[in-house]
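My questions will all concern the structure given below.
As written, the chains take the letters A, B, C and D, and residue 1 is the first residue of each chain.
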């Protein structure tokens, strides 16, 4: 979508549920020259938590960034945590890859087709394989080998690159290394991974082999935020496909490639449109 | 779901889009002792129409019916058409059936399982076949034969029954007769039909035969509101299933029965939860 | 489908792969006045096992049962294990149920609609709840309470009923008791269960609660053969459906009912059409 | 899959049904040093037509091409038409493209990933847009403008290219020109198109616009053989996806891109594995 002429803002809010929240938020926006063009909210009845995504046209004279700042303060005053994005701000993304290239090509081609509300600005890999492709796409490529002993040094180099390129989102596009808790803490921004199974079934290595040997009739892929617990982070999206006894392990892997592409790209798209809120170990996706 | 202790109201609104609508509605509800528990809205950018479904707990002393009445007036004052339902009001439903009984059993069993927010109060059929089943379910059954010449008389008898039983929704559960424009106008309330194809493909008679002969690889079913134009009414829901060359016409019919059940029951459920707004020849479904 | 005028036979074969098997089987059938109307086979390349389902019209004068017997001997002579069914033989089925009735009604209505190639001949329950419904369907109902201490006695009573009614297939239609290894051994015929999750995720109790708390975006149901290892038997079929953060646990349970019905009935249909071969802990489904 | 060490052959057969066909084919293969590794067949009961796909390891000393030739004669002797492919023969493919590039990139990347049993040897376009991409993929690109007046000349130039490059399959990857009956006759080999709707709904131009205005809840894509009747050729595969009132026309177009890629690539894969038989206006797909 082309950026709209009038700037618009998107806020993601959550906090303890209380009477009148929808009205208060709508009233604040109206009072600040905003026209709500989309609002969606959710209540977790068990936990008593309120979640909202609200998007509005800003028709006043104040700079959008200043409105975002003011909204932030307002949200705090009613006990809500908030994230506010301004239209036209396109987050910078780093793709971490190894040798498998299907998610890599898929994301880059979608970005070039205008499907992603962000900029793929950096490719980081522990292998050299995708250097030429990255160059032909015109995206900087950095090879940072990761060995068991030198992992802290490798992660330090990765963090330097992320800072230098002002990266706001890391996408692990079948990156075959585990990121340390320390790396995640230092980066401090979302990292999205694609796991090639229907979590929580088949955590860990070689999930298609596990699925084959269990004789399942459906395989899956799971896009989730990366946390310090491997394959346990909040799930953003899952895709599934039917399989039969005729499918060999290599057939599952081939079918899985399509699942992984579709599932990861959908999760990244939602992330970039500020549609995902994390709480506890779950997500609210305002799709 | 059990009816909540606090009464709640559900309003469906639509009308010309204008600045501040979300805020005005939220403000009105707050001012009338309501706490919004769910709100969803949509803007048709091409047509400039605003749609909203808003559900709120009513915590004041006024009777819910009076609040509904007042909201109605408020909506009118801001140029919106509205429908307001009060929790605990369960619409009375008539099923029209012929000989096929899969949708009939499916809807009645879902109703008995508590899935439907309404009461199946009347079975009308142009055949005797389902009398015994209806009696064992404890639902009044009326046989009204329909012949070409006596159709106006049959429809008059049907309308009498609908009035007498205070029916607010008619569901054509594979009823094999066309309702006249006059019948629809006189009933004046929603009539939902299940068409056994993926409309607009295969309108008219024997759609599975048509699908078989065209060699399609996917079949469908379409739940839609009945209008005077056969198979042209606003679509509420569509279901699809894959088929192959191995499926004979009778296989398509068997597979189709599951599609029809799932698709029709979903549409009826949405209707009964006040989730469907019609405009022009389309629907907005707040699911 | 009506039974065809010409008797036909269906053989399921498996054994060590070897050159010329397809030709040998086809030749034997041709030599015994058979005309193959459908044949499907599979090779497990890893294990070197050959599987075949072959269905033929028997046009000779020999009684079909005698042909089946002869085929059995032929299969043995080429190192294959075989099961041979004769058209018109409709296996007798027992449904085991507790209180949930959705799979129960679904299977009985499908049977009455002619979808199942067998006869539902017996309902066994550890509760009285479904007695009246069973009587109105005209199927014998037996209440056999199961308490921890009296489980062996209860299972003995169940086995007596199965023998007395000549039951060839037991379907656990949300039966909430675990069958002992001893029961399974003594019955000696297939027992199909529906587990209300996407196995191997969420084994054990209350899988929808587990799924809700993990925050998955897809739920599933799994029809499998019952073995002495709970929830570990060979999988016949799996169904899945998307869910979002909006779905409460009770919504998952409601959505799950449809998955369970569709998945279990499909597995039972395949079983009754002799389409399923078990080897190791997996199935080959000739669909 | 790597080509197997032992050559294997794949035959597609069809003709009038008769007793003993499976046995005759299996016997011939056995007598000619073949070991059937996969066989699948189908009978159209209405039309009395028999279809078979049979794949065998050839273990004899005769050259595979000679066996193929001999099989051809055998098939004719039993009244069957046949196509026989020899493993290792990878058909040469031409992609026809215009400006939309999603199916183009998708097919080329799948080919490079080893998913397609053929060689993409030629790109033909009526626009210059994809020249650079084609060069970076290393595939010859030819720009042949098509104007209303010069269409016969353009098609003649296209046919020259197809002959010169020994093309055996043309794939229209969102090629926005209609091929003439004359072109199809002269090429004489399969041409596969992707239509961006669920045929037979929404034939002709701008199907996503048509779907939007009809308010459908499911959109589709259809891969079919091209015949002289626009959008009426035999359907190979169809894909579908759910949509809601929230999806604008441009959302439908974006969602549709994924459908088109998945549907077209699956059809092309089946074609290249000799899995598709056409008869009348339908296909038999041995998947």
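Worth a mention:
Assume a contact is a pair of C-beta atoms (placed from the backbone, for glycine too) under 8 Å apart; a residue touches a chain by one contact, two chains touch by 3 or more.
On a predicted model such as this, the values are computed, not experimentally measured, just so you know.
Taken over every residue number at the interface, the positions common to subunit A and subunit B amount to over half, indicating a same-residue contact. Farthest from subunit B, judged by the mean position of CA atoms in each chain, is D. Among the pairs B-C and B-D, the greater number of C-beta contacts is found at B-D.
In this assembly, the C-alpha centroid of subunit B lies 37 Å from the C-alpha centroid of subunit C.
Note on chain placement: the centre of subunit B and the centre of subunit D lie 42 Å apart, centres being C-alpha means. Residues of subunit A in contact with two or more other chains: none. Those residues of subunit D lying in contact with subunit A across their complex are 1, 101-102, 105, 109, 113, 115, 136, 250, 254, 257-258, 262. Put simply, subunit A touches subunit C in their complex at residues 42, 44-45, 198-202, 214-218, 220, 234-240, 244-246, 248, 281-285, 287. Considering their complex, residues 19-23, 26-27, 29-30, 35-41, 43, 59 of subunit A touch subunit B.
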